[in-house]
Amino acid sequence: MAGNTIGTLFRVTTFGESHGPALGAIVDGCPPGLSLSEEYIQEELEKRRPGKGKGETPRKEKDKVHLLSGVFEGLTTGTPIALIIYNEDPQSSAYEPLKEVFRPGHADFTYFMKYGIRDHRGGGRASGRETVARVAAGAVAKRILEEYNIEVHAYTINLGGISAHARDLNFIYQNRLFCPDPFAYEKMIEKIEKTSKEGDTLGGIVEILAKNVPAGLGEPVFDKLSAELAKAICSVGAVKGFEIGAGFKVAEMKGSLNNDPISSQGFLKNDAGGLLGGISSGQDLILKVAVKPIPSHRKTQRTINLLKEEIEIQIGGRHDISAIPRIVPVLSAMTRIVLADHLLRQLAVLAFRKRLPFPHFFDA
Amino acid sequence: MAGNTIGTLFRVTTFGESHGPALGAIVDGCPPGLSLSEEYIQEELEKRRPGKGKGETPRKEKDKVHLLSGVFEGLTTGTPIALIIYNEDPQSSAYEPLKEVFRPGHADFTYFMKYGIRDHRGGGRASGRETVARVAAGAVAKRILEEYNIEVHAYTINLGGISAHARDLNFIYQNRLFCPDPFAYEKMIEKIEKTSKEGDTLGGIVEILAKNVPAGLGEPVFDKLSAELAKAICSVGAVKGFEIGAGFKVAEMKGSLNNDPISSQGFLKNDAGGLLGGISSGQDLILKVAVKPIPSHRKTQRTINLLKEEIEIQIGGRHDISAIPRIVPVLSAMTRIVLADHLLRQLAVLAFRKRLPFPHFFDA
Amino acid sequence: MAGNTIGTLFRVTTFGESHGPALGAIVDGCPPGLSLSEEYIQEELEKRRPGKGKGETPRKEKDKVHLLSGVFEGLTTGTPIALIIYNEDPQSSAYEPLKEVFRPGHADFTYFMKYGIRDHRGGGRASGRETVARVAAGAVAKRILEEYNIEVHAYTINLGGISAHARDLNFIYQNRLFCPDPFAYEKMIEKIEKTSKEGDTLGGIVEILAKNVPAGLGEPVFDKLSAELAKAICSVGAVKGFEIGAGFKVAEMKGSLNNDPISSQGFLKNDAGGLLGGISSGQDLILKVAVKPIPSHRKTQRTINLLKEEIEIQIGGRHDISAIPRIVPVLSAMTRIVLADHLLRQLAVLAFRKRLPFPHFFDA
Amino acid sequence: MAGNTIGTLFRVTTFGESHGPALGAIVDGCPPGLSLSEEYIQEELEKRRPGKGKGETPRKEKDKVHLLSGVFEGLTTGTPIALIIYNEDPQSSAYEPLKEVFRPGHADFTYFMKYGIRDHRGGGRASGRETVARVAAGAVAKRILEEYNIEVHAYTINLGGISAHARDLNFIYQNRLFCPDPFAYEKMIEKIEKTSKEGDTLGGIVEILAKNVPAGLGEPVFDKLSAELAKAICSVGAVKGFEIGAGFKVAEMKGSLNNDPISSQGFLKNDAGGLLGGISSGQDLILKVAVKPIPSHRKTQRTINLLKEEIEIQIGGRHDISAIPRIVPVLSAMTRIVLADHLLRQLAVLAFRKRLPFPHFFDA
């Protein structure tokens, strides 16, 4: 019970179902005095719906965010920031035929076993739509990180087996797949079109790059930055794998190769992905995330219903071909939420180390 | 600050440095009435030092656990269980030459940047030795899981590039690498011997299999079982990658292939790794974990000291060739800790769903 | 940072300022399958504004609650329940003259020192209005407790020095001061009228009675039920004192008098207030809460402004004479929130003690 | 389950039973670089056993603390500090006759109902002896507070109905009752002697005074400093009441009297007890705590056994006449633990407000 909150000092709690009245987040622990507006948050939400081309659901979500608290005269006050996004276009009747069916690859069965009840409309709480609240909360984290020039970029390095080789950070924001490689982008689009015709769906890999992360973030031993990032990232529905730096390649690397040597100018390479002992080293953070194909494809599937009868289903309705690109800003958001939290946690350490004085109002 | 606790209802807090007086754990939230003894816990600790052959450090850790609270007349009482392991053979003088050096691949630099101070003796809190407390705590979790017949096995499926293909669960406990494949085992041993002669170290991949996990464990949306396992596993020092079920292979799988069809007898395959929407499905949990090579190898390394002077070092002393096999029981322990926590969390849901009555002592 | 969440398994997070767009709560950890409606919650909110007579602010808060998630077809689903109450009648211009003034007895100064910024409109987050979200969340807790027949009553036993001697639980809900004593009620009303004419305000004492609380709630040693109740109650703005059972009278009681003897039928008296070792004993819980007078009275007050200039102020606008009766349902709500949380925590213990089986869907 | 941890950034987890092998604490979140020694902690523990006169148990507890981690070369490292105190003189056989008896006023019955099992030896985890771990942990908090010149004093202002009127802070540490009033002290000693002869026990009131607490500590709305202090204080076994500043007297005070006016030099009085809106104002914190008489007196008591048979018991063995003075350093410790936690939490806010830079090691 009660698993919808993440963070220690910067703490995000979300709510909302795919086809309920609204989704949203309470962001608790944002420091005071930061400029923040609905427009700023909206800009992040727009990244979640990057185009009108193939590969994304045609559902018209306007996803207009409302900022209900914690900001006064354009500045954060230190109190909780409530963000709400109303669902404008539910059309849940499309899910009626699936009411008593466990869709393969979805959480229908597990929610039913957990709660003995489920909201069958579009996955309910288990829908990818839940992530809209994460992105909104992530925008607040982004504001915090900006003050320390910390940048987070996420981008698609593999879609349906097509790999990106280049890392053109500018190009990421110029294409609707957040792909950093113009050449791979074209191939990915082709793959999407072909797969769409087949009625099937695609998985992929997203890389996350965080720049200017100060050294020293992360708390031994369970709240390591690596561990907290792993949790935050793997809490996103479609994620099935997580790597730091060289990731699974370390299995075949010898220690003499894997270690990043250090010179007087800094580390000489970055197989560690910016994390040593789970704590940030000051190098770029580099993470990779495996995203499974959308389970709602149009092909015939074998499954059962609540009565345990074997049936075949074909899922209609509006669905994406891949969780990518929508998941990309979600992964950025989760990374930022964790970084903001640990930035604040480490600021407490640094402030004490410096015996940062408390302000006095009256003469002593 | 304060990152040494994990869990919600079953909560483990650990302490201790590699070369300090002792390491240990407080296990809070163990239900009452369970048989538990030092011997039982010791048995798990013994798995952390599986042999005397090549591949493990010759340091003679006796790792005798002392059970200091929470058990009365052989049964748990519901109160915190304190477990302590004294360090008997510190020999920290071996680390004197490294006192002002940042060892590549170790947490020396990040701890220094975080705290402005460090315990240079063998990595201090960042040492792999820290995990002895995790294994002790995991033994308590194991006792809880036994009551529900939940079994956790971890085993080496890759060491230095040598892959295990078989999954002989019996053989796991008959070889000192926890390898499930007799043929691969021989090759791994050869690889270790060869690498040892080179003065180098090896990484690998560990697979975790949990059987009889009931459906419904894990809490949406941040405390998903997948997310909590990711955190627990990635909080172990040498881990650089984490996969659930098909893992990174999902990038190349189509939805029609990735989904596990369901029949009236259950799921027809298990690419999901036992987790749908982050909640256990009742299938076996299958996780894979990438373990980096031990950074302390005997080859010459480029690094710097506290004065930012570039130096070359060669690390002597007693060191393992690989974090495997020692990390294997640690990964089992972390998996068990998470499962025990979520078992109890879900029992609260189930108990309420059944309106489980409270015992009365007096007549109403 | 981040102090707006309370609870472990039943977890409430609130947001909202007195004069912002909205206030609300996310209630995480409500078990599935409970009937819940906006009407049910609204009924609790109505208790927060019990009449139109003297003693309450004339501000027309409609306090209409909107239930945005976690309920499907009238039943809770186990997912977070978001509750929102829009502020309809802010009139914050009344606070303009106080913009740069620290009102005595209010949190103006402390918020300013904490955050370096403040929302001066009606106290912002420190306003008593914040409690509307607590009452909404408390209604969810009430639904949980109803399933175990646990009742919580709160009532005014002292207002401005006038004590209630009777404990007529029916009368509580028939008068707008939640007073359990018809005779004292009349005197309290007189006191309010007299004090209103003087332009002053009154404090009081509220007693909380919880019936049918099962034995065994509360967790040693820090999360004792006594301790968690103390925190929840003392987190309400105007509270300055908290007592359990005999409370401060224990200072003058000898052990032979203070102990509650036990017979085969149960305890023979209840000076312990239903808590032994901080854990519920199965007797009625009895708590007393001291409520300070509303600091916004109409008399002239000495204070300073942001420039540290000494000034005299007179606070106009619409204000209650006493935090009582509005605080009474808030104190019930906080008590219920804590009880619901500990009910669920103890259900996990009991379920494990009974080895409550997990449901199976497929044949084993 | 799992209630033995307190704090967010400065986090204390304790373990241990009255007659088990040891008690102790893990203190997680102590900043690095602070001098700390066993001697320093021992000094606090000595205050828990202030003399050999009447009023204290003759049990010879040496209570020698062992510091097992988190300190290297005399300085804290930032990692968890484990503190352990072995029980040297258990003599649990004295409790054999009470094995199946529920002692009135003790937690015997509630622990039995909670866990279905209990450690009958001296109260087990519910024993006052549990507090030795709190005092040890509180010593670490004291070291943190010293760096900001924050002082906490606790002293006996009422024992068995005898009130202290003076507040001589020097005298507190010169008498074994921590009484601030030499005249009252004599009367209290007389009262103890008389009560001891009667075979009875006494309650009392302890006042806590914290000086130099900076303004701005405490987090709205649930983690107010007032609320967290209430929890920490009321988590101590014998506590039945808690007051801030004027406490229950506010019920009879008008707002015009209760408010503390503010001049350009500061607040003109302190009925608020140093807390406005639950956040520290920079004035002295003033709290009062009601302590119930020790339930183990020598008079005959009515009770029942596990078979629900009514019996009369007389409790022998070694017992204090009052929880005072032993509880006094415990209450100081709990206050310090909360203050240290909130000091660090507020330092994170202040550090961010100042955009405190992170240290760089390499040139940018």
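Note that the chains are named A, B, C and D in the order they appear, and that numbering of residues resets to 1 at the start of each chain.
By definition in this document, contacts are C-beta pairs under 8 Å (C-beta built on N, C-alpha and C of every residue); 3 or more make two chains touch, one makes a residue touch a chain.
Composition by chain, UniProt nomenclature: A, B, C, D = Chorismate synthase.
None of the values given here were measured: they were computed from a predicted structure.
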item: Chains touching both subunit A (Chorismate synthase) and subunit C (Chorismate synthase), listed by label; value: B, D
item: Chain located farthest away, centre of subunit C (Chorismate synthase) as origin (C-alpha); value: B
item: Averaged-CA centre spacing for the pair subunit B (Chorismate synthase) and subunit A (Chorismate synthase), given as whole angstrom; value: 26
item: Centroid spacing, where centroids are CA-atom means, of subunit B (Chorismate synthase) and subunit C (Chorismate synthase) in whole angstrom; value: 43
item: Per-residue multi-chain contacts in subunit B (Chorismate synthase), two or more chains; value: 1-5, 8-9, 14, 31-33, 78-79, 109, 111, 113-116, 125, 215-216, 220, 264, 282, 308, 344-346, 348-349, 353, 359, 361-362
item: Touching residues on subunit D (Chorismate synthase), where the partner in the complex is subunit C (Chorismate synthase); value: 1-6, 8, 12, 14, 102, 104-111, 113-116, 123, 125-126, 130, 158-161, 195, 198, 200-205, 215-224, 226-235, 237, 239-256, 258-264, 268, 272-273, 275-282, 288, 290-297, 299, 301-304, 308-310, 345-346, 348-349, 353
item: Residues of subunit D (Chorismate synthase) defined as touching subunit A (Chorismate synthase) within the complex; value: 8-9, 31-33, 78-79, 144, 147-148, 214-216, 220, 264-266, 282, 344-356, 358-363
item: Contact footprint of subunit D (Chorismate synthase) on subunit B (Chorismate synthase) as seen in their complex; value: 1-5, 7-11, 13-17, 20-24, 26, 28-29, 31-33, 66-70, 72, 75, 77-82, 84, 109, 111, 113-119, 121, 124-125, 308, 344, 359, 361-362
